[in-house]
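Heads up, the next two complexes both have subunit A, just with different partners, subunit B and then subunit C.
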Partner chain A sequence: MATATAVRVSAPAPAGAPRKKRYGGLTPWLFAIPALAVYATFLVYPALTSLFFSFTNWDGLSPGYDIVGVDNYVKMTQDPVVRQALLNNLIWTVVTIVVPVIIGLALATLLNGKVRGKTALRLLFYTPCVLPLVSIASIWGWLYNPDSGVINEVLRTVGLGNLAQPWLGQDSTALWAVMVPAVWLRTGFPMLLYLAALQGIPDELYEAATVDGATKSQQFWHITMPSLRPAHYIVLALSLIDSFKVFDMIYAMTYGGPGTATQVMGTWMYANVFQYYQAGYGTAIAVVITVIAVAVSIPYVLSQTKEHT
Partner chain B sequence: MTGSWTRRGFLGLSAAALAAGTAACTGATAPSGGSNAGKTPTSNNLRLFTYEDDTTIGNLKTAVAAFDAQNGTTTRVDSLPGSGAAVYPDKLRAELLGGSGPDVWRIWGGQIGAPFVKAQQAMDLAPYYQQYGWDSKINTNAIAGMTFNGTKAGVPIVVAAIGAWYSKAAMEKAGISSTPKSYAELEEMNDKLVASGTTPVTLGGKYGWDIMRLFEYLLEVSAGPDLHDKLLTGAESWDRPEVVTAFTNFKKWQDKKWLPNGALGLDPSDVEPDYVTGKAAYTLTGTWTEAQAIQSAKKSSSDFGTFQLPTGHTPERHSGFVEGYMIGARSGNPDKAAALLDYLLKPDLQATLQITSSTVTGAEPDKTKLPLSYEWTEINKTSPFYTIQDQAFPKQQADQYFSVQSDVLQGKMSPADAAKQMQTVVSAMAKQ
Partner chain C sequence: MSASGLAAAAALPDAVVAGQDPLARGPRPRGGIVLTIVIAVVALFWISPLLLLVTTGLRPLSDFVANGPLSWPSELTWQNFRDAWAIGKFDDTYRNSAFLLVVKVPLGVLLSAMLAFALSKLKIRFRRTIMFAVFLGLTIPIYITIVPVFIMLRSAGLTDNVLGLIGPYLAFGIPLEVLILQSFFRQIPDSIVESARIDGASEWRIFFTIVIPLSAPALITVAILDAVATWNEFLFALIILSSDTNKTIPVGLLSFQGQFSNNNTGLAAGILIAVVPILIAYALLQRWIVGGLTAGAEKG
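Let's turn to the complex of A and B:
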């Protein structure tokens, strides 16, 4: 009988019933208050504070500052490093999404089949995702060493010494050189998500397609890919947000250099807030990064909301 | 623009509006720039923040523990070893913003320490200079390096000199029997080293400042002491032949392979010790390298040598900088913090701390233990120093300066354009 009572309580209110009653009154909000308090204190308040400081000339260290209106945002439009950083962000985002997603999908497809040692291989390909990023940056920094690094050594050994480069020491290659380890460490994430999604596709679909004479390629394009649509969406949305926020890998490997060749919005924000004592300008850059990241994530959040309402 | 606000005022207002959870943000008093001196201590706990190397931090902790035992204090020593001027000030700044910060912190002079004074985070130590007689105990030039717009906001402990430190084996292999006495001889030496299969000078440009040591030397050679100083203060235009010559020579050092391959992307901490391991002949660094690079690698100082880079000018100067300690304006016990600094400045303790270029009279390095560092004590007696350039410029301008150097080395900017660009950078700095 208790079950029947519970069903009655949670059943939708009839049309025309007061809104308060239909949504359970204040009770749900009481349960949400702890989470809302934490959210407001540690996310909303700092975010609003940052927004406020983006309209000031605060140096990030002094007790005083002046409100300068939108000066910091105007300055951003005239800052050549911001233009370069945005371009670098764009290149970074495209490369570090497209390449890991393609490789991750290929690996997932391969490791979802009958492959010997596939558990070990899955672990192997996912391992870079859990390694400390600073360690990865240091290791790749050594690999790229122009004289003693393995990459140039291998090129020299196989007779391609003319391709050996100071990879991190010149504008033309530095950003691309940092993207290689980024791709390497990010491939495991889409692979894992695709693997989970692939295992949810019923075998019957493939069996039926085989009976109908579909080739493996046709099965991939007409069964696998459409079935992976939700996974594509999650992978792309999360990767996009993650890519635009890039900071750590570039900071650790090149420090934004040579010159400003590998500056991205995150490192340029950091330089201004923490090194140049221009916290007002730096927080304005942070606000722009946030706005872009939020804009990118809105479709994903909306889609997730629709699925669960 | 409206009237001036205070950050804490804003935080206080916000905290009141939000009612809960944020009150802690307004708890500390505003920095007062020395007004704490002589007040009743709020705590006998001190915290000292430094970037002391792993090889010497133990000595500092031991010394501080002895001070605590004598003075009834409890001092925590935190270090960020090897972080350098590119990273350590950021960490310090974050700590100061996050609370009261350390009571005492080590910092470089010039434009690296200046922001902490300008922001009223560091105390004016003038009363303590008077109380402890530091003016008469400490190198006057070093005090000037820790004086900011007339405010003695730091106590200098190190007055460092940058010179060439070399491997005798590498020199012998190249048939070099004596150190260069002119810039032309230095170039000849580099050619001989390359011919012998050794990279002459090992520097890394990842953070800019290491490779800057070469350019500032070349500028001293081409411009001479008087003009060099005027360039650093913006009193003379950078768009001039002497600067173009310096940039031309700078490029020459790379083109003739006198620098490591791909030097711009190399981490200084990775490549500077290459003169000890034999991959390169020499580096441009200071006396700390004797303990931290040579002796920590279990090598004998007698296998290495050091010399002042020849400039061809009178006086013959070298690059140098000052490091010292500051006391936080919000320290709970500035008197004990000052007493700690006075304690650390004792000549015998300076030797224990392996400070090889002390600002304190009578704290010269032990000639038997650190013979090469001792040589620099003698050089310093006759050779003044010019301000190392990452301390001469605020960080933002220093980074722009490094960027120009990077473009010149990559051939993206001609020496003449680099000189013009530097003038733009320095002019913009003057307007700020």
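Let's turn to the complex of A and C:
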């Protein structure tokens, strides 16, 4: 940066004088404005408009509506489905972060050992991550089919036929059944990141530890885990951001049902806007989950903004 | 969770050389046969849903019903794929998804690269504020924007039209693309840019003849991640597109699924039709995807 400034000023600045911070005038804006305009038009402006709608009783169809203040937010506190949806969001977030991270770390540790065909194996484990969520939902809906699905068939084949059940069709199992494909889909990502991070740990550390008589498990806890700290941070931050936004998988597998067993804030918002014609109430639900998601993610966003400045 | 969200990993600081596979180096391991077999078995189990999809899609329904989903097919047929292709209207959904890909991805990468250039190599006012505002977009759930976006598109006459998806798709792609690209552009030495400036090159010329060519690996990685996200996007497409001929693959697959609830082999074939292209693309391009996802993860 210092070099850049030195070249741009026409006369050398007097030694010791504070250098004025200079901006590049109009040109930088010509580069920035197209993307910023699209971003503002289709993301920022709609999000703020939703915030406004959340204070109205708009049905989503009629031309008119009244401003009802915080009524929608008060209504949410009394809505048992919202309570369930928030709980489901919480369960979803915890499970779809913790389980993939643990499996991903285990796979990465194993794949980092003396294994042949690492590239192919890595490819297989990561494959679910690139499939459309709707196709993953279709695949698992098909596997879960109570009569002809593979999962019940496997249970019958191994003599556990009495455990066969309509996994997606009953309250007690539906949420967990929808989380299984989510875990399947999300494991490849931490695996890749941990693998990359593991390869960055110098072998000498382990050699020295072995010489000092450290066991494998001591090496894992005292060398591997601390060295993975940056990877943990990234995996957790990004998983958190993603898990909060859950919609596709649940919508495509259960539409939030049976009953309200798998409702999350996203699907309950969708149902209110597009099925019950309560756009005002629906957007209030969206606002709440957005505020939570943004608040939780601010440390990550700040860390990315501060990088290199 | 979306591919785009996952891909945000590429946002890692100090992205080394995106596109270069950071996992491929090191000496070839020797031995470890037992471990290899164990992991290979786990891997096969891991992708067994896809394997079952293939064996089911290739057999007649009568065979599936008679022998159960786990049996080896006694007879192979392509008929399921022919039926599924026609009933699922894959002519249309493929065309629509491909159109979006061809228009949206290059445009999104160009706009994002321009903004990333301004943020990383030009002296722009409010730089930190812009970065914060744009990166915050990573955390915004799409569904807070759908009602206003739907109203906007309806008044512009762009509902039930893939063109209407381009704006929202661009907006939701920008945060991640800018995050990755600006961190990559930062590594281009200022001295190169400065000497071009001294030689009288305009910022546009610097951007198109120096920054863009030097960043080809990062641009390709970003384009691939963006293409996967675009191909897989569901919620906007579900709300904006209503007639069968205008749907994209994810939305088409959902309605297809409903019609085939009792035809297991046809459903399997239809799901395969929807996922095979992306699996092939992934197999061919995985070096870039992996590179983009893990760039910088080694930094301690």
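Following the convention adopted for this analysis, the second predicted complex is superposed on the first by the 263 of 309 C-alpha atoms of A that agree within 3 Å, B and C clash if a C-alpha of one lies under 4 Å from a C-alpha of the other, contacts with A are read in each partner's own complex, and residues count from 1 in each chain.
Note that in this section a residue touches a chain if its C-beta (ideal position, glycine included) is under 8 Å from a C-beta of that chain, and two chains touch if they have at least 3 such contacts.
Fair warning: this is a prediction, and the values are worked out from it, not measured in the lab.
Engineer: Overlaying the two complexes on subunit A, which is it for subunit B and subunit C: clash or fit?
Structural biologist: clash
Engineer: Please name the chain, subunit B or subunit C, that touches the greater number of residues in subunit A.
Structural biologist: Here the partner covering more residues of subunit A is C.
Engineer: Pick one for A:L175: touches subunit B only (first), subunit C only (second), both, or neither.
Structural biologist: After superposing on A, A:L175 lies clear of both subunit B and subunit C.
Engineer: Under the stated touch criterion, which partner chain does A:P166 make contact with: subunit B (first), subunit C (second), both, or neither?
Structural biologist: Once the two structures are laid over each other on A, A:P166 reaches subunit B alone.
Engineer: After the superposition on A, what does A:F274 contact: first (subunit B), second (subunit C), both or neither?
Structural biologist: Once the two structures are laid over each other on A, A:F274 reaches both partners.
Engineer: Examine A:P28 and indicate which partner it touches, taking first as subunit B and second as subunit C; both and neither are also allowed.
Structural biologist: second
Engineer: I'd like to know which partner A:A85 touches here: subunit B for first, subunit C for second, both or neither.
Structural biologist: A:A85: touches no partner chain.
Engineer: Of the partners subunit B and subunit C, which touch A:L105 in the superposed model: first, second, both, neither?
Structural biologist: neither
Engineer: Of the partners subunit B and subunit C, which touch A:N145 in the superposed model: first, second, both, neither?
Structural biologist: Both partners, subunit B and subunit C.
Engineer: Once the structures are superposed on A, label A:T56 by its partner contacts, choosing first (subunit B), second (subunit C), both or neither.
Structural biologist: The answer is first: A:T56 touches subunit B but not subunit C.
Engineer: Does the superposition put A:D66 against subunit B (first), subunit C (second), both, or neither?
Structural biologist: first
Engineer: Given 45-53, 153-161, 171-179 or 279-287, which part of subunit C has C-alpha atoms clashing with subunit B after the fit on chain A?
Structural biologist: Looking at 45-53, 153-161, 171-179 or 279-287, the stretch of subunit C that collides with subunit B is 153-161.
Engineer: Show which residues of subunit A both subunit B and subunit C reach, each in its own complex.
Structural biologist: On subunit A, the residues that contact subunit B in one structure and subunit C in the other are 41, 45, 49, 60, 141-142, 145, 274.
Engineer: Which stretch or stretches of subunit C touch subunit A in the complex?
Structural biologist: Listed in rising order, the residues of subunit C that touch subunit A are 1-3, 5-6, 8-9, 11-13, 22-26, 29-33, 35-36, 38-40, 42-44, 46-47, 49-50, 52-53, 64-65, 68-70, 111-112, 114-115, 117-119, 122-125, 127-128, 130-149, 152, 167-168, 170-172, 174-175, 178-179, 183, 186, 190-191, 193-194, 197-198, 203, 207, 228, 231-232, 234-235, 238-239, 249-251, 253-254, 257, 264, 267-268, 271, 274-275, 278-279, 282-283, 286, 289-290, 293-294, 297-300.
Engineer: Give the list of subunit A residues in touch with subunit B in this complex.
Structural biologist: 37, 40-41, 45, 48-49, 52, 56, 58-69, 141-142, 144-147, 165-171, 174, 254-255, 257-261, 271, 274-278
Engineer: If you look only at subunit A, which of its residues touch subunit C in the complex?
Structural biologist: Against subunit C, the touching part of subunit A is residues 1, 3-4, 7, 22-24, 27-29, 31-32, 34-36, 38-39, 41-47, 49-50, 53, 60, 96, 107, 110-111, 113-119, 121-135, 138-143, 145, 148-150, 153-154, 157, 182, 184-186, 189, 192-197, 199-201, 227, 230-231, 234-235, 238, 241-249, 251-252, 266, 269-270, 273-274, 279, 282-283, 286-287, 289-290, 293-294, 296-297, 300-302, 304-305, 307-309.
Engineer: With touch defined as at the start, can you tell me which subunit B residues reach subunit A in the complex?
Structural biologist: Residue list for subunit B touching subunit A: 1-8, 10-11, 14, 18, 20-22, 30-31, 86, 89-90, 93-94, 96-97, 115-116, 118-121, 205-208, 260-267, 270, 279, 394-396, 399, 402-403, 406-407, 410, 412.
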